[in-house]
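Structures incoming, each one as C-alpha cells.
One chain, chain A, links the two complexes that follow: it is found with chain B in the first and with chain C in the second.
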Partner chain A sequence: MADMLTAKRGHHRWDWTDWAAHLYLLLGVLVMFGPVAWLGLSSLKSETGLNAFPPTLLPYEAATAPVEGRGNLRLYTIDSGDFAGQQLAEIRRVGIQAQMVDPKRPEVIIRLPVEGRTPVMRMRLATENYTALFSRFDFFRYFWNSSFITIVATVLTLLVNSMSAFVLSKYRFTGRESVFLVMLATLMIPPTIVLVPNYLIAAQLGLTNSLWGVIWPGVATPTGVFLLRQYMLTLPDELLEAARMDNASEWRIYWRIVLPLSAPALAVLAIFSVMWRWNDFLWPMVVLARSEVFTLPLALNSFQGELTTQWNFLLAMTVVTLLPVTIIFAFLQKYITQGIASAGVK
Partner chain B sequence: MKILTAAYAAVMNLPERPMRWAQGRLRGGRLGWVFVAPNLAVFALFSFLPIVIDIVYATTGGAQLLPSERPYVGADNFASLLDCTNHLDPNTCTRDLFWHGIWNTLRFVVFQVGLMLGFSLLTALVLNRKIMGRGFFRAMFFYPVLLSPVVVALIWKWILQREGVLNAGFMAAGVTPVNWLLDANWAFFWSVFISIWAHMGFYTLILLAGLQAIPAEIHEAAAMDATPPLRHFRRITWPLLMPSVLVVFVLGLIRAVQMFDEIYVLTGGGPGTATTFIVQYIYKTGFADGVRQYGLAAAASLLLAGVLLVLTLLQLKGQRAKNG
Partner chain C sequence: MGALSLRNVRKSFGPTTVIHDVSFDIKDGGFTVFVGPSGCGKSTLLRMICGLESVSAGDVVIDGAVVNDIPAARRGLAMVFQSYALYPHMTVYENMAFGLENIATPQAEIERRVGEAARMLKLDTYLQRKPTALSGGQRQRVAIGRAIVREPKIFLFDEPLSNLDAELRVGMRAELTALHRRLATTMIYVTHDQVEAMTMADTIVVLRAGRVEQVGAPLDLYNNPANVFVAGFIGSPRMNLLPATISGVADGMALIEIPGFAPFATNACASASRVGENVTIGIRPEHVLIEHGEAAWTLGGAVCGIEQLGGLSYVRLESPDMTVQIAGQTGLHLSDTVRLTLPPRAIHLFDHDGAAMPRSAAP
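Moving on to the complex of A and B:
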C-alpha cells in the first residue's frame, strides 16, 4: 500500500505493489467497461433470451421447430423417463403437465410433467432488435433531432465564443475587463437555477417544442470564452499587424488568421460542446414536450417508462445512443483526455 | 476537405461588408463591442435576465406563467419552503418534499464527493506509475464520463433489475436476490455508486495531470534520501497535488449539489423520497406536477443559487491558487 502511494518507480522487478496496481486496474476495467459490454451483449438477445434467468453470457434464444398443423413450437430436451434424451415440442401447458409432441410424429400427443425437461437454446444474434427501432419506432427522427442540435449548436458555440475571445485577447477598448468579468460571472448561473425563467423566455420567443429552443441558451459559454481567450493570448500580435498592413479588415483577420491558428483550442471546445449537447437532458425535457421533437435521451427516457417489459428494444436504443460517442472516443481518445486534462473543465 | 474550406470561406465572407462598414465608423477598439455583442446578447437573455425573472417568480404566486398575471405575495414562497416545526424532520415541514430533497442532497454530497475524491486519487496514483497499457486503462476509466446520463441510468437499471445479472451472480454465490432499486437504502447506495462510476474518470484525469506536473527531480531527490514511501507521499506528493485536489473537490461539490439526470431516470426519486434531490424538487414543482408552482420552484432555485454562488467563488479562488 505504502509503495503504491509514491509515484514513478525506477526499477523493473515486479514487487507486490505492481501486482496490486495491475489487479486494481483490471478490476477497474471490469467495473467501468463491463456494464457497457453487458449492455451490448444483451442488446443482441431475443426476448426469450433476455427473460432467461440466470442470464447467459452470449445471445441464446429458445429454439423452435415447425410441427405440422401447429406452427412453430418451442423445443425441450426431456431429462428422464421414457423419452429421456429426446427433443419434443410443447403444444400447451396445463398446470404442471405439458402436452408435448415429437416434431417427426405430430399426431401422437405426449403428456409429461413440466419438471424434468430443459428448453433447447440456440445461439442467434437478434438483429431485429435494431431493425425494429427504425421500422416500429420513429427512431430515425430522434437520431436526427439529436444530431441537428449537436451540430448546429457546436458550430454556433465555436463562432460566437471565438468572436468574443478574439477581441478580449487582442483588442484594447474601454470596458474590456468588465465584459470579461461579466462573462465569467455567468459561471455562477448554471441552467438548473434558471429553469423556470428560461422556460418563460423560450415560450415568449416561440421556442418551446422547437430544436432552436434547446440550442440557443447554451450557445454562449463562459468556459468557451475563457478557454479560447487563454489560447489566443499566446498568438503573436505581429501576425495581426502584418495583415493590417495589407489592408485586411478586422473581420478578415479574425477568420483568416486567428481562427485557423486557434484550431487546437477550438477542437477542445468542439469536443466539450458535442458532449454537452448530445447528452443534454434536463433543459430539453423542460422545453420539448411533443414527442416528434424529442432528442435521443428524451426518447429513451420516455420509452423506459412505457417499454419496461420490452427490454430488447430499450437496450438496442441505448446502444445506438452511446455508439456515436463511443466511436468518436475510440478514434480521438488521446486528444480528448489531453484536452480535458489541460482545460480542467467539463 | 477542400469543399469544407471553400464552404468555410464562403460563409465567413458574408459579414465582410457590414463588418468593414462598422470598422470604418468605430474607432479606437470600439469595434470590439460588435464582436462581443452576440455572446453578451445570449448571456443577457438566458443568464442575467432569468435571475431577475427568478426573483419576480419567487415573490409572486399562482399557476400563471406570465409574470404580469401573477399576484404579488412577498416572501410567502420562501416562508412556505422554510416552514418546519422541526427542520431536522422533513415530515414536519409544509413543503416536506423540499426538505427531503435538501437532506438527501446533503447526504449524497457527503458520500459521493468524499468517495469519488478517494477513488479518483487512488486511480490517478496507480495510473501515474510505469504501467503497461497505461493509455488503455486511462481511457477505460474515462469512458463512462462521455455517456449520456440517460444511457448510464439504463445500463445500470438493466444490471440491477430483479432478474438482472447482479442478482444472478448473488444467487450463484448463495445470497438471496435483492430488489435493489425498491429498497430505500440500496437505491441511495446505487445512486452514489453510479454517479461516482459515471464521473470519476474526469476527476482522475485532472488529478493525473496534477501528478504529472510535479517535477521528476523532486521525486528523485526524495529517492536519493531514501525517504520512506508513506512520508514521501505525505510530505511531497500530497502538498504539491493540493491545488488540483482543491479544484476537483469544489468542482465535484458543485456538480453533486445539482445531481439530477442519472438518478431521475434510474429511480424517479424513489422509492418514496429516498433519492429525491433538490433539483428534482425544482423540476417537479415547476414542470412535472399537475399544478405548476413556478413561484415555489423559483424560490427554491434562488436558495440553490446562493449555495452555488459560494461554491463557485471557492472554485475561482482555488483555480487562481492553482494557476498562480
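Moving on to the complex of A and C:
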C-alpha cells in the first residue's frame, strides 16, 4: 500500500511528472469515490442533519442533555453576557426570548435573547435509518425479489448463452456466420424500442407481476454469446475430438469439457449479468406493478414521493442496494480483468 | 482383432482433393507408420480412419465391416493426439477414467484398468496431479494411458513425439515399441520423421500429396524404393540422386553416362530402344567407394565438405553433387580431389517419370 502510494516513474527522485500523476490520480479518487463516500456518510445522518444548511460532511446532530423533570432538551453554548461560555439547555422559546436552564441546576430558569447563542453539535450515527428499513419497510421482501431475479437470471443466462456460444464456436454448419451476425446486429436495436412489444408478449404469457416476467426476456444476451463464443474459439478442437473419441456425448462434451474450461469467460459474464440484473430498473418497473414483487431499485423509487422524499431512508437503502455488487466486485475483480483481457472485449 | 483396409479412399474439401484413391491393408497386430512430408495428407488419413473426418469416397473397413458411417466413438479405436489433448481441468486419473465413465463402466473396473495402465506407464505417483504439473514426457504417457484403458482394437498416434526434445523422443520411441510388443494390438503411427518410421514400423506407408507412394517393410523401402520420391525420403543422409542418360545397353543392362564423365555399368534392365533416355541415378552414401586421386574422366571431384562423426565420416562433393559415407575416420581434406566408384549392384535407376527400373538379380 505504501509502495503504491509513493510509486515513482524512475527509482530516484520525485520528478514533476510524478507529482502530476499523483495529483491526477488523487483527483480521480475524489471524483469517483467522493460521491460514494458522501452517500455512505449521509446515510448515517438524521433527517434534520440532512436538511441542515450549510451541509456537513460528517453526521452531526444537535446535542441534547437530560434535565430533571423536563426530559431531553437541546443544548446551546452562550456567546456573551453573564453566562458566556456555559452550556445551557433550552426549555422553550418565546418570541426572541428563550427560557434556558443549566442541566446541573434544573430549578433555576434563565431568560436569554435568542441571538448570542449557538447550538451544540455532536456527532451521532443515525443507525435507525438502517434498522427502520427492516422494521418499517418490507425490505427483506424487496431484497429477496432482487436476489432471486439476479441469481436465477444469471444462472439461466450462463446456461443459455454458453450453449449458444458452444454451437456457434465449435460446430461447422452453413449459416453459422450469418446466425452470429444477426445475433450481434440485435445489439443495435435500443431496448426502449422493444419495450412495448416485450411487454405485450409478457402480458400475453401472463408474466406480468411475476418475477419470472423479469427473468425470462433478458436471459439470452448477444453480448454474453459474443463474449463466450470468442473465448470458446480459443479452446483447442483436439480436446473436443479427444472427448468424442472417449465416447462422450455432445452434452457431456459441453458440460464436462467446454463449460469448466470457459470458467474465466463465464465469471465475466456472471459479473456483468449480476450487475445488469441487480441495477435493472426500466423493465422491472414496466412488468412489476404490485409492491410485493418490487425489486430494490423499484422500492428505492417508491421512497421518492410526489410531495416528500424520505431522504434518510432513501440513502440508507441505496447503500444496502450497492453493497452486494460492491462485494462481488471486490472479490472477483481479478477474474473480471483477466476474463475481459482474454475474451478481448469490454 | 484390429485389421484395417482402405479401399479407394478419397477426401475432398470443396474442390480440392487432399487424398486420392488410397488403398492398402493393415494386418492385425502390426505396427504401421504413415510417413511423408508436411501436408501430404497423412494426418487427414488417420482422422478419416478414426472417424473425425468423413470419407468423401471409398470405404474404410475395420475387421471386415465398412465403418464409413459409424461415429468415431463406436469404431473401437483410440487416438493419441499431437498436442496430447489432455483435459487440463482434470487430474491424470480423471483424464484416463473419462472415456470409461462415458460408457458407464463400473467404478471398480475403472480403478483396475487405470491403475494397471498407470503402473505400465510408471504414472502411479502422478494420478492426482493436473496435466499442467507434468513434464512433456509424462503428459505423453498420460495420453497413451488414456488410449490404453479403453482397450481399443487399433491405436492411432498422430505425431505423438514431435513435441518432445530429442533425447526424450528416442526414449519414448523405445517405450512405444515395447508397448506394442506387450499389447500386440494394431498400431498406426503418423510421423514426418523417417527415422521414427524406420525404427518403429513393421510396415511403412509413404505418402506424398495425398497419394500412396509405396507400402512395405522398412528395409524393403530402403533397399528397393519404388520411385525417386521414396528413394530420397527414406534414409539419412538421403540417397544421392543425379541426372544421367542411358548411353548404351550391354547384356540387357543399361550403361549410364553422367554429363562430363565416362559411362559406367549398372545392373538395371533396359532394352536397346531406351538408349538416350534421361534417367535419374540413385546411390546411397554408404555404397559409394571413394579414393584419393586424380579424377580426369572417371567419376570424381573436389571435396567441399567433411563431417567427422568419429565412428563414420561424410564427405561432400559439389560437382557431381554427392555425399559419401566412409566407415571410421578419414584423412581427406577440403579441396582434395577424389575418385568415386559406383558398384553396379548398388545403383538404382529411375526412368524419366521417376519410377524405379527393374534390376537384374544377378551381380
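Throughout what follows, the second predicted complex is superposed on the first by the 302 of 346 C-alpha atoms of A that agree within 3 Å, B and C clash if a C-alpha of one lies under 4 Å from a C-alpha of the other, contacts with A are read in each partner's own complex, and residues count from 1 in each chain.
Quick note on the criterion: contacts are C-beta pairs under 8 Å (C-beta built on N, C-alpha and C of every residue); 3 or more make two chains touch, one makes a residue touch a chain.
Keep in mind that what you see is a predicted model, and the values were worked out from it rather than measured.
*Asks:* Quick check on the superposed pair: does A:S178 touch chain B, chain C, both, or neither? Answer first, second, both or neither.
*Replies:* neither
*Asks:* Look at A:I257 in the shared chain and tell me whether it touches chain B only, chain C only, both, or neither; answer first, second, both or neither.
*Replies:* Touch status of A:I257: second partner only.
*Asks:* With the two complexes superposed on chain A, say which partner A:S249 touches: chain B (first), chain C (second), both, or neither.
*Replies:* The answer is both, since A:S249 touches chain B and chain C.
*Asks:* Check whether A:G28 is in contact with chain B, with chain C, with both or with neither, and answer first, second, both or neither.
*Replies:* Touch partner of A:G28: chain B, not chain C.
*Asks:* May I ask you to decide whether A:L239 touches chain B, chain C, both, or neither, giving the answer as first, second, both or neither?
*Replies:* In the superposition, A:L239 contacts chain C only.
*Asks:* Chain B or chain C: which reaches more residues on chain A?
*Replies:* B
*Asks:* Could you tell me if A:I193 is touching chain B, chain C, both of them or neither one (first, second, both, neither)?
*Replies:* After superposition on chain A, A:I193 lies in contact with chain B alone.
*Asks:* Touching A:M275, do we find chain B (first), chain C (second), both, or neither?
*Replies:* So A:M275 only meets chain B here.
*Asks:* Figure out whether A:T118 sits in contact with chain B (first) or chain C (second), or with both, or with neither.
*Replies:* It touches nothing on chain B or chain C.
*Asks:* For chain A, which residues belong to both interfaces, chain B and chain C?
*Replies:* Shared contact residues on chain A: 249, 252.
*Asks:* What does chain A use to touch chain B in their complex?
*Replies:* Listed in rising order, the residues are 2-10, 18, 21-22, 24-25, 28-29, 31-33, 35-36, 38-39, 42, 51, 53-55, 160-161, 163-164, 166-168, 171-176, 179, 182-184, 186-190, 192-201, 203, 216-217, 219-220, 225, 249-252, 254-255, 275, 278-279, 281-282, 285-286, 296-297, 300-301, 304, 311, 314-315, 318, 321-322, 325-326, 329, 333-334, 336-337, 340-342, 344, 346.
*Asks:* Quick check on the complex: what are the chain B residues that touch chain A?
*Replies:* Chain B residues touching chain A: 8, 12, 15-16, 19-20, 23, 28-33, 35-36, 38-40, 42-43, 45-54, 57, 65-67, 122-123, 125-131, 135, 137-151, 154-159, 163-165, 168, 171-172, 197, 201-202, 205-206, 208-209, 211, 214, 216, 219, 223, 228-230, 232-233, 237, 247, 251, 254, 258, 260-261, 265, 279, 282-283, 286-287, 294, 297-298, 301-302, 304-305, 308-309, 312-313, 315-316, 319.
*Asks:* Of all residues in chain A, which touch chain C in the complex?
*Replies:* Per the stated touch rule, the residues are 236, 238-239, 241-249, 252, 256-257, 260-261.
*Asks:* Of all residues in chain C, which touch chain A in the complex?
*Replies:* Going by the criterion above, the answer is residues 50, 52, 71-74, 77-79, 81-83, 85-89, 98-99, 102-103, 146, 150.
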